[in-house]
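So the structure is just underneath, and the comments pick up after that.
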Amino acid sequence: MSSASRPPGEPGLLLRAVLALLLLAAAAGVALALVAGQVAPGLSGAVAAALPDSGASNPVTAVLLNFRGYDTLLEMAVLTAAVVGVWSLGPAPRIRETEPSPVLLGMNSVLIPLAPLICAYLLWAGSSRPGGAFQAGAVLAAAGVLFIISGRRPAVHLPAAPMSWGIVAGLGVFLAVALAVMPGGRELLEYPRGLAGALILLVETAATVSIALILAGLFIGGRPEDEP
Amino acid sequence: MSSALLYAGAGMGLLLVGVWALVLRAHLLRKVLAINVMGSGAFLLLVGAGAMGGGPVDPVPQAMVITGIVVSISATALALALVLRIAYATGKAALPEDRERDLMDREGR
Amino acid sequence: MSTWLAALPWMVLAIAIPLLGALAAFVQPRRAQVIGLSFSFLTAGAAVGVVLDFITLGPQQHAVGGWGAPLGIDLVADGLSILMLGMSAVVGVAVSIYARAYFVPYPDKAPRFWPLWLFLWAALNALFQSADVFNLYVTLELMGLSAVALVALTGSGPALWGAMRYLLVSLLGSLAYLVGVALLYHAYGTVDLTLLAERADGGLQLAVPLGAMIAGLLLKTGLFPFHVWLPPAHGSARAPVSALLSGLVVKASFYLVLRLWFTFVPEGEGLPLLLGCLGAAAIFWGSIQALRQKRLKLLVAYSTVAQLGYLFIAFPLAGLEPQMAWSGSIYLALSHAFAKGAMFLAAGAIMTQGGHDEIDELDLVVDRMPLTLAAFALAGISLAGLPPSGGFVGKWLLLESAMAQGKGIWAAIIIVGGLLTATYVFRVLGFAFTRSEHHHERHEVPAAMEWTALLLALGAVLLGFVAPWALPLLDGVLP
Amino acid sequence: MNGAGAMTAVVAPLLVAAALAVPAARPAARRLAPWAPLPAVLLPLFAAGTVDVPWLLLGARLGLDEIGRALLPPTAFLWLCAGLAVPHFVGPERRDGFLVCFLVAMSGNFLLLAALEAVTFYLGFALMSFASYGLVVQAGTARARHAGRYYIVMVVLGEVCVITGLMLLASRSAIDFAAMRASFAGGAPGANNLVLGLLLAGFGIKAGVAGLHFWLPLAHPVAPAPASAVLSGAMIKAGLVAWLRFFPVGELALPSWGLALAALGLGTACYGVLAGLPQREPKTVLAYSSVSQMGLMTLGVGIGLAWPERWPLVQAALLVYIVHHGLLKGSLFLGAGIAHEPLSPGAARLLAAGFVLAAVSMAGGPWSGGLVAKLGLKHGLPATGAWHDVVPPLLVLSSLLTALLLLRFLWVAWPRTAGGRDSPPARLLAGWAVLLATALVLPWWLAAAGTRAGAVGPWAALEAAWPLLAALLLALGVLRLPTLRRVASRIEVPPGDLGIALEQGLRALGRRLDRGLDRVRQHGSVYRQAGRLAALVPAAATVLGRVEGRLSAWSMTGLLLLVVAISAAWLLG
Amino acid sequence: MTTNAWLPLLVLASSLIPGLIIFTLPEKAVAWRITLNLGGALLKILLLVLMMIGVFHGVNYEFRVPLVPGIDFVLHADALSLLFVNLSAVLWLATTVYAIGYLEDSPNRSRFFGYFSLCVTTTVGLAMAGNLLTFLVFYEALTLSTYPLVVHRGTEVARKAGRTYLAYTLLGGVLLLAGTIWLHALTGTLEFVDRGFVRGLDLDPATLRMVFTLLILGVGVKAALVPLHAWLPQAMVAPAPVSALLHAVAVVKAGAFGVVRIIYDVFGIEFAAELGVTLPLAVLAAVTIIYGSVRALFQEDLKRRLAFSTVSQVSYITLGVAIAGPIATIGGLAHLVHQGFMKITLFFCAGNYAETLGVHKVSELRGIGRRMPWTTAAFTVAAFGMIGVPPVVGFVSKWYLGLGALEVGQDWVVYVLAGSSLLNAAYFLPLVRAAWFEPPPDEWPHERNFGRKETAWMLLLPPLFTALAALAWGLFASMPGTPLDWVQFIAARKYGS
């Protein structure tokens, strides 16, 4: 949509001016709020203090999967809901079958086999340094995407049921773990001492698989054809 | 502190740019992108503002941002899928404004 | 309640059960209807568990992960939360039963509806119990995305437009909220509401984030002038979805506004006045727009716009006798959920029966589906604030607090708004008694659809009789 | 008569009327109907006294006082005679309806005579008035309907005046007559005047005082003879009785009211004759005669109001007058009805003789009941003063006029033998004769001894005779002088005289008003404005839609979000 | 809670529950419907008799639950409410019988009778309301339950009439609500008390006057006070039993009863008179009386003429209470009952004419007395009652109204009554005359054959009964147990003597 042929109703100069002014005002407000007044120390101290009990050595991972694991649980729900939503829009649109470029094919042959490897590393690294399930899943999904755009569309031709099982696995396992620890008077997601690391890994692994499938599922933009 | 402020400032800038585009651009893809940009801005602001207190790096905002990013990706994906469907269904990747609204009043479900 | 039931962590289950149900319905699309309905009952049961816990034991708190604020996230079930949970449970169950019947002719939609709806329910329950502003952001997004997807489920062009507009609004609102979260964390180093309440000290540091958050939430609530996304979305969605959106989803963001307000208790007359004015504008604008609609569902959707306005009238009235004004507003929110849910369900039944929802073509609906029309009428009565109904009690409380403070103008607004409501409700009812000139093919409507609508509407009316027991639950929550 | 007796008298006609409504009981009821007044005729002879009936109406008191005892039996007797004549005058197809009205009116008439307080009296009065409507319009002709309309309008006006006056009275005393009369003593003059005025007008309509009499000459001729007989003989007396009941006659001196009433009465007496003379129908002439006679009775009430101490005499005279005139006029009306039909020579002779006797008596001729009544009235006058000097000559004049009018009656109603094939049944004639005889004799029996004595002397006879003779001469003169005769025949006064002109004027006014209202309705500004407003609705709807469209533009939403957020922060900070 | 508390509730339930069941009955279940209807009506009367006996022995019947914080939902049986409840119950029975006959073979009877019962339930509730809020609840519920009856026929005209009806009544409800709220904010209570609860509180008279105005306008809509009366003639499109009920018992009376409650039990008559609000109200009522009669004069449609007559007659009640004297109170309150019986008779008869002969217009009444003597007799009695001719009850009301007005020196009222009587006569007597004394036409507009009877007995019995009652209560007005007797008892309480 070029600005030369603006349809009627496209904003005019006045609107832009007003908008600019308002944005400036808003920016000024936020800036003032940032600069003026006290700055709270944050929670790094608390995190550091609780880190040993968290089952993860990386503070971010500890926050992500333990201290604020509930956020992540819901985040998985958001992801799953998104893919359910996208699938609910209808069957996956058919991408015009074009002959993929040889460059892509060549690259694929290198990258796709590498992806699981990188994925596994990221997953493992997550507990101690930057990394984790999402990053790992994303890499895996990227491989899937590459695979799809090269003309092979596994997700489309794959039976839907296994894929959906895979999609729910992340949230399902997470939820199962979160609930499973509760008997014995513990709260939701209150990992028993000592088991925290293992449980986090379990959750992360399942999440990785799911995230990969979800991202790929989101990419194809609709439900597999054999879904009712 | 200063780098944190820089991050926060950049985040704010991205927010402004995002709002600008969201308001002024009609094409839905641009709007989705604008939201995405705004999202990034907000995350930057969260991290930057959270870090302004100095001291060791605060992992909590970072974790929040990761969660936020995933949420944002989900939303973006859904939005894009919708844009695609709208383009298919109506032949136009834009929201109906004044004129088309009347049409919708009449026949929409 | 036997002991083992009492010992169950109902707060958690109210969130986990719908999530599990969503997953189950998703992986078993052929059995989605059965699974969905079963999990709906379970979810509602869990919500009832929370309510009973509250009644027997008082406000409940649950520190997820055992960490507690500020490191961890707390779940809290106080009076306000359980009212909202209970409301969602009742409306949710009704809509679920209705949807079970409604989706029988649409085998391709049912497997999509149930997971999304259960996600939505989980998000609602999570939202109502969360005491953590960032966690609230995630729940808001979960709620928003599933709601958008539910709207898009219809599949038609207008529905997609409606969904898209809704999505953009929802995201924009969430982002504004998120900016507020960022600034709050910056200023106070925590995202826990209780701690924030202790630490917040007013000034620009509170004003800017709170302003951003409230504005974003107003956008999501659909308060005038942000209502423009609401009628397209609610009006074009499938009937059960519309019922959920209008009944529950907009209440969630309103709930959040209230929660923030009760947490920070901002001073000053300005913002309450602004909110009140917007509310008043919403009442008039929504009602007038509802009056000119030709389609039933759009009328009902605009009615939501108007009714949402009432909820905000409490702000300028909360000065001297906050208890009464807030009670009124919350009670209105509750009864609106029931009534509007019933109304949309009734509208859906009418549409199913006649294949259309043109108001002046209603064609003897009174004879063909008396139960549905009764549901619509009862819901309308509650909306219009006619006694005896939940809406009446809510409006009464607002009116009384207005009159007690000598703020007659607000009373006048409430009263005139009620008249306008009655006008558009009875416009529909009037046409239901007449015969249409055109012939419409008629379809059977399952009894379950009619009865759920009616029972929900009766619920809205019955709310008018339980106020003396329901309102004390709010003790200690209101500022 | 005790309460049960009075009740029986009142209820008996009602019971018969109710029986007429039931098909099975109808034949028996028809036969029984004429005899319904019998209890009222007989019972007063055996029982006396008053009784309170607290459960009836607003606490009723029934019984026969002096007035009731004097009036009820003759009245009932008149009803009885009239009732016996009904089958002859009313065709079988309408007889049931007529009888119901007749019986109900009868019951009302008895009730008002037996009532001893205002509410019951009013009930009887209303019952009688409304039911008589059915008697008036019985013929079903256009003329009857017109008369009926006139009648009912006047009745309603009268009732309203009466009830208003009674309310005003009742507001300051109990509802029994004595208390009401006594309350005038303590009442403010203004209030008294108001009450008296209202009652005068309200009952004056019934009594047919000049200016309110218009219905009378319209209604009496169109009704069947028995109905006219009771209307003129019994019912119009109710107005007079009411005055006796409610006016403080004999208790309080109200000279100006007395004078006014006397003047009104005398005026009515003359006016009735003057308006009646040009009439061409026997029953119309009789009706005007009633008006005129009622005028004389009004004079009596006037005397009573002006001279309380004379009241006992006046009242006695008035009662005689009422009985005499009632029965006589009843018989005349019945006779006129009979004379209207083909008669055998014998019947014609009988009727002619009766008419002459009746006329003489009515004009107060020598040895007549009428003379007794009139003398009684004269005795009631104060012994000295203006009244004493002025009234007697006027009474003489009235006798003369009455005689003239009755001559006119005899002229138009003279029974003639026609064909002679069908003659009225002997029973009918016999009944009529009995009635006439009673009318002639009864005054002698009722009147005070002094009056009676005064009436029999030769001087009295002479004094009574000369106005009659004068009238006769006058009439003969008119007949003899062709010019006068022509002039007299040219004078046309419609029955109802001035009332007809009044009616036409009112109708014209109503039509004009109606046209005016129509014009307002068509061109009224309110309606036009409403239409203009209605035309605005679609335009407003378009505007509303457009505004809503503007609001839905994203640019607007975005801007507004910023505005709200900034102002919220501003207002908070 | 004792049985004393439950009895008022049972009285409500005796029509509510049959009503609800009737909704669910299929159209063909005639016998069931009739049984339920009549059973409910008889049961209600039975319960009321029990309650009357109780009240006579000093039992306090009160049902009370909290409704909104600080205010209870109160059903209370006092003398005044029993007056109205009994009126409703008795006339409900009559109307039910009538409606069964009237609606024979017409569609949607279950719906009709369902709403019919609801309507009575709300009226009874309204009568027993123990405070202003409860009153308001039933007042609005009454609007809602009558609306379906008004639009019952489902024609475009009916829909429009329904719209007008709602526009007025809802507006009235809103005004009442505003007044109630305001009053509660001022006084903190809404409980009806003999001689008023506002009395004795030290409040700003100007404010109280405004509250009074709001409240009276609120109930004035239903009481059809000019200029709030326009809905009433339009609502005539409803079936005859509905008109009968609307005019004689439910809606219009609810308004009038509201006036009574507000003046006597909210403000207290003496206090209201002190405030100076009664005189304007009396004047307004007087204007309504005259205006309604004048309009009635020009109506060609029989039911519309009756409707305008109602406008006029109902204001007698308002006038009576506004005159502010014990005797006028008796007149006004008695008219509450008296007008009910007379007007319901008139509507029954009008319905009979329409249903039996298709006669709707005044001009079509010619000679109808021959064809339908019993109906016309009932009509005549009621019409004479309206005019105020003894011994029909209308006279008793007028008598007391007039005396009451004179007692307190409001002489002008008497002339208003006189004028109204004249006008009443002017628009009723021509009907009576035409019916009895004109020849019948050769053919009636739409005659239905009932064999040797003039019409169906279920149509005939109710008007005869009500006409007879109207006659008897006038004739035996002073007997114990008549409405007048009861009303005198009430008036004594309201004046604290």
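A, B, C, D and E label the chains in the order they appear, each numbered from 1.
The rule is short, and it goes like this: a contact is a pair of C-beta atoms (placed from the backbone, for glycine too) under 8 Å apart; a residue touches a chain by one contact, two chains touch by 3 or more.
In this text the structure is predicted, and so the values were computed from the model without any measurement.
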item: Separate pieces, if any, that appear once chain E is removed in thought; value: one piece
item: Chain hops separating chain E from chain B, counting only touching neighbours; value: 2
item: Per Cα centroids, the chain farthest from chain C; value: D
item: Closest chain to the centre of mass proxy, which here is the mean CA position; value: E
item: Farthest chain relative to chain A (centres taken as mean CA coordinates); value: D
item: Chain pair whose interface holds the most contacting C-beta pairs; value: A-C
item: Chain D and chain E: spacing of chain centres that average the CA atoms, whole Å; value: 37
item: Distance from the mean Cα position of chain C to that of chain B, given in whole angstrom; value: 25
item: Chain A and chain E, separation of their C-alpha mean positions in angstrom; value: 71
item: Centroid distance [mean C-alpha coordinates] between chain D and chain B, Å; value: 98
item: Chain E, residues touching no fewer than two other chains; value: none
item: Residue list for chain C, restricted to those that touch at least two other chains; value: 134, 138, 141, 145, 148-149, 152, 168, 172, 179, 183, 185-186, 189, 203-204, 207-208, 211-212, 232
item: Sites on chain D at which at least two other chains make contact; value: 545, 548, 552-555, 558-559, 562, 565-566, 569
item: Interchain contacts, given as pairs of chains that touch; value: A-B, A-C, A-D, B-C, B-D, C-D, C-E, D-E
item: List of chain B residues in touch with chain C within their complex; value: 8, 15, 22, 28, 31-32, 35, 38-39, 42, 45-46, 49-50, 52-53, 60-61, 64, 67-68, 71, 74-75, 78-79, 82-83, 85-86, 89-90, 95-96, 101, 104-109
item: Touching residues (chain side chain B, partner chain D) in the complex; value: 19, 22-24, 26, 31, 95, 97-98, 101-102
item: Footprint of chain D on chain A - complex, ascending; value: 9, 11, 15, 18-19, 22-23, 25-26, 29
item: Contact set on chain E toward chain D in their complex; value: 373, 377, 384, 387-391, 396, 398-399, 402-403, 406-407, 411, 414-415, 417-418, 421-422, 425-426, 429, 433, 436-437, 439, 474-479
item: Contact footprint of chain E on chain C as seen in their complex; value: 324, 327, 364, 366-367, 370, 377, 381, 384, 386-388, 392-393, 396-397, 399-400, 402-404, 408, 411-412, 415-416, 418-419, 422-423, 426-427, 429-431, 433-435, 464-465, 467-468, 471
